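Read through the structure below, which is laid out as structure tokens, and then see the notes.
Labels A, B and C are assigned to the chains in the order they are written; within every chain, residues are numbered from 1.
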Amino acid sequence: MTMMLTRRHLLLAACAPLGLRPAWAQAAWAAIESAARGQTVYFNAWGGSERINAYIRWAGSELRRLHGVALEHVKLADTAEMVRRVRAEKAAGRSDGSADLVWINGENFLAMKREGLLFGPFAEALPNYRYVDIDGKPTTRIDFAEPVDGMEAAWGMAQLTFYVDAARAPLPQPTGVAGLLDWCRAQPGRFSYPKPPQFIGTTFLKQVLAELGGDRAALARPYTAEAFARLTPPLWTALDRLHPHLWRGGLQFPASPGALRQMVSDGELAMGLTFNPNEAANEIAAQTLPPTVTSFQPRAGSIGNTHFVAIPFNARASAGAQVAANFLQSPLAQARKADIRHWGDPTVLALDKLGPADRALFSASAGAPGMVREPAPVWPEPHGSWVEPLEAEWLRRYG
Amino acid sequence: MAQAHVLSAGVRGGQALARVAAGLLFALPLAAAVPLALHEAADAGAWRALASDPQTLPAAWLALSSAVLGTAIAAALALWLTTALHGSPAWQRLSAALAPMLALPHAAFAIGLAWLVAPTGAIARALAALLGWQAPPPWQSVNDPWALGLTAVLVFKELPFILWNMAALLARPEVAADIERQVAVARTMGYDRRSWWWRVGWPQWSPRLAWPLLAVLAYALTVVDLGLIIGPGSPPTLAVLAYADLQAGSPARNARGAAATVLLALLLACTVAAVAVAWRVGAAAWRRAATRGRRPAPARHGSAGAGWAAPALQVVYALVGVTLLVLSVAGVWTFPAAWPQSLTLEAWRQVHAAADSVGFTAALAASASLAALVLTVAWLEATPPRWDRRASVLVLAPLVLPPLLLMAGLYQGALYLRLDGSWLGLAWVHTLVVLPYSFITLQPAWRSFDPRYEPVALALGRRRWAFWWRVKWPLLAAPLAASAAVGFAVSVAQFLATQFLGAGRHATVTTEAVTLASGGQRTLAAAFALLQALLPLAGFAAAAWVRRRTMHR
Amino acid sequence: MSLALHSVTIALHDRVLVPPLSATVADGEVLVVMGASGSGKSSLLSYLAGLLVPPLQGAGRVLLGGRDITPLPVEQRRVGLLFQDDLLFPHLSVRDNLLFALPAGRRADRLAAAEAAIAEAELPGLGDRRPSQLSGGQRARVSLLRALLADPQALLLDEPFSKLDTALRERMREFTWRELRQRAVPAVLVTHDRDDAPAGATVVELPPHA
């Protein structure tokens, strides 16, 4: 059920930066809250990390306590499963769907928005939207160069980050792609990246392309064959030079970032990739990475984005889902999420928009072992339509 | 010998009802699933995409080679072991050792074995201690591009299954007696036991292995979770490729995945046809060689190492079990340390927190195996033995249809019937999958039940229902319990069925394990793998207890 | 090649089933051992063939053509065995069953020998049939000839006629004694039917158990 942008939404959007909420908006929200009480929300989210699963369990207990909403975590191995399921339900004419809230971003969001598989717009009507850092973090409103239009609510930040086991690789950290090539030459077989179309592997490709291709603005525009042919040759040349020095000579690639991390932990690899800048710190605290691991980002900048939660068009508990989305954006939930003792996922909120009590919740996990010492600028993602051609070409060359 | 007594109208009606029920609940969904799945693959663009994908051909080759090689090696080993050990006490020991091996799920075994042979695994660390390595060796033992790791796991897991089928067949009293006398006759003619097997025994009995071997081949060709854990990565096997496509977000890729599953079915059909032709051609030549009359040299005695087979298999399985246990509590364990740098109970705490899914898995498996048992008994009671051959084809169909094809089709059907994500739909599909195993396990015992008991009981004035309840089924308690245990194990190990039909609403221990493995959480994956193994083991232990209780007569 | 038994006795645990038996069987002659069911007569044959397994125990020497075969394994004794059931291999044709038994040699010679045996069994043209396609009497004749084609130096028969109809039995007995005389093979026959014994054969009665 897609709704057109109404004047109400425009008014809300105008009020949001001022931290104001009109009275009618508050009344509408109260109605949603009372409708949500007693509902069960099926939250379809990736379940491959027990830390994240534990956080979601905590969120569920808080939601039950505060709003009487039951949150069921449906663990997915891949978000695309859910997309496929919602699409199949729409094709079968089902208005009662199996998912109420989904964890999503990027090309999956693009597909769902285009095919009318999403409920909304709802995100800008959430009470906690006024705290979201839409100025400092533009990716909260543009997802893979596609306007969000309130169809998904920002949840956390991600940025491509490398982590290296200093005990096994006593070399200076590479500062960019060129440095990476030198590092791999000096330490053959000790680095690899997940095989595309796994999205972190694809992000690595995008990172190299952004660094070498030179024209990041062109990447923000939709894909054209001409632009592809013009911009990507440096990427393939760099990979051709890099692959022989990778793990297994670049003929095989780990299937997932989790497998990659396991290999760094075991000592088979010395360097890995992740999308969560705090993941290494997180894993060290959880005793799944050795304490000698440090994180770093390419100095000029690395690709980053926001990840969101969205509501499928046929959600049975859309009110409950909105309440859940709102809670996930609340300072309480965001602070716990950012704490590396629990998850370490950076917040989407602007700390200066919060009151002093809320701001204090975000106290330090800074300086923990494994955290990034010198954060680099965030580069926006290329347009979502570049993903498939990049993956297809990579598979053609190296798959 | 046909049943000569007249059946009352009531019984005939009941039998007809049972047949209709079996047909509706079983045959109809199967028959509907295949066209639904094929419909998705009927897109020409999907086939073009499949043909133009450079991964398709190598992936198909890897799937075929690992499946055929794995099945062939397992079958050859099974034949060799039976030839060498049958008739001696070692055979009893081997047969007894098989049940726990069958109970360990394939995925769990793969996780353990993968760690044993990995470049940072147990064997590598042992060698590092001996040879002073500091860095892991550049082995390609796990996820190797030739699918050898996958083949090895298949051999280790399918060998007990084939042997178990063999043991069940050879243990039947009429078969066992017949074999012993044939062996006696052959020995008096100057042939030894082993010669008898190759010249007379196998040509006679190996056609009985056709269905189990077909099931093994079909499984090996279409297995997904094994391919994910230990199979090649670039390119993966065709089944893994198809699964990735079917789970992807874009409809074009879904269609390509559907086309790939149809391709898998075609590959299976072609392989079976090739084997059938080779069998025909080879059988005649084999017969000529077998009747050439050359007696074996007298000094060829001793089992040539086969006596070590049972202990060796048990050692491997025990090692895998211990590995899983250690992995489930290991924190950071960098090469070349012989013991983990840190131990953690986190994984088991999570398992404890996931107790709901354990209960759910057990309840689902119990219902599915019970329902399958009831259906199987109803079918066996209701149909005359001459229907069995036709029934076998139908009942065994789910074993040989690629599960991806079947599940995709059943999911489409469930969507229209609004059964997706419901407990009923899930239980129903699990029952469907369990039914062939239930039938295979129960049918031999049922058909070899002495048919004379029944007329005697009826002549004594008992009604047929009382006869079943008080005479027949208690006598068959051990096979019934074994069938239930097998069904229970099969249901617990189901991944695709729960994945598709549960629509994400329901999680079992197996889906949790595979999802966690997808995140690379080896500690958790090991803990869940152990959990995955414990449930069927409990089932088999219960069945063994029933068998011991009913043996003392 | 005569068959000689020296004090052959069979015991089960502490009970003696067959008291020490000594006898000599000349070529073409038959020793008939009689007794009630379970009296141990089949066990006696097993001992002679070398197939006796615990808990049964046997003692005594067995000589075949002067050669002591007691310590030899079954495969080397050259003693044939015939059961009540014909035990023809069901997946092989009649000819293939016979070829199985024949010693190795030139293919043409073996085929000729098999054809001769088929003719002797009065089954012309049925060489390609499977055992299941033959009648009981036909199967019994093929079974006997198969045992004899293996060129044994002695033949043991365990109630071979009991599964045949009365009408066939006489015919089969005549056929059997004729073949044995023709090939000069000593035989031991175990039965519970007195009519099975050929004329002039030595008959040993096993005592019933206490």
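As a convention for this text, contacts are C-beta pairs under 8 Å (C-beta built on N, C-alpha and C of every residue); 3 or more make two chains touch, one makes a residue touch a chain.
Predicted model, so just to flag it, every value in this text is computed and none were measured.
Judged by the touch criterion defined above, the protein chains link up one after another in an open path, with no loop closing it.
Nearest to the global CA centroid, when each chain is reduced to the mean of its CA atoms, is chain B.
By number of C-beta pairs in contact, chains A-B lead all other pairings.
Per-chain CA centroids place chain A at a distance of 84 Å from chain C. Chain B and chain C have Cα centroids lying 45 Å from one another. Here the CA centre of chain A is 40 Å from the CA centre of chain B. Contact of a single residue of chain A with at least two other chains is seen at no position.
Against chain B, the residues of chain A that register as touching in their complex are 42, 44, 46-50, 57, 72, 74-85, 87-89, 92, 94, 98-99, 107-108, 111, 189, 195, 248, 251-263, 265-268, 286-290, 388, 395-396, 398-399.
Interface of chain B with chain C (complex): residues 181-182, 184-185, 187-192, 199-200, 203-204, 287, 290-296, 298. Note for the complex: chain C touches chain B at residues 49, 51, 73-81, 83, 85, 87, 89-92, 96, 99-105, 110, 147, 150, 152.
By the touch rule above, chain B contacts chain A in their complex via residues 53-55, 119-120, 135-136, 138, 140, 143, 145, 228, 232-235, 246-251, 254, 331-336, 341-342, 344, 346, 350, 353, 411-412, 415-416, 418, 420-421, 499, 503-505, 507, 511-512, 514-516, 518-524.
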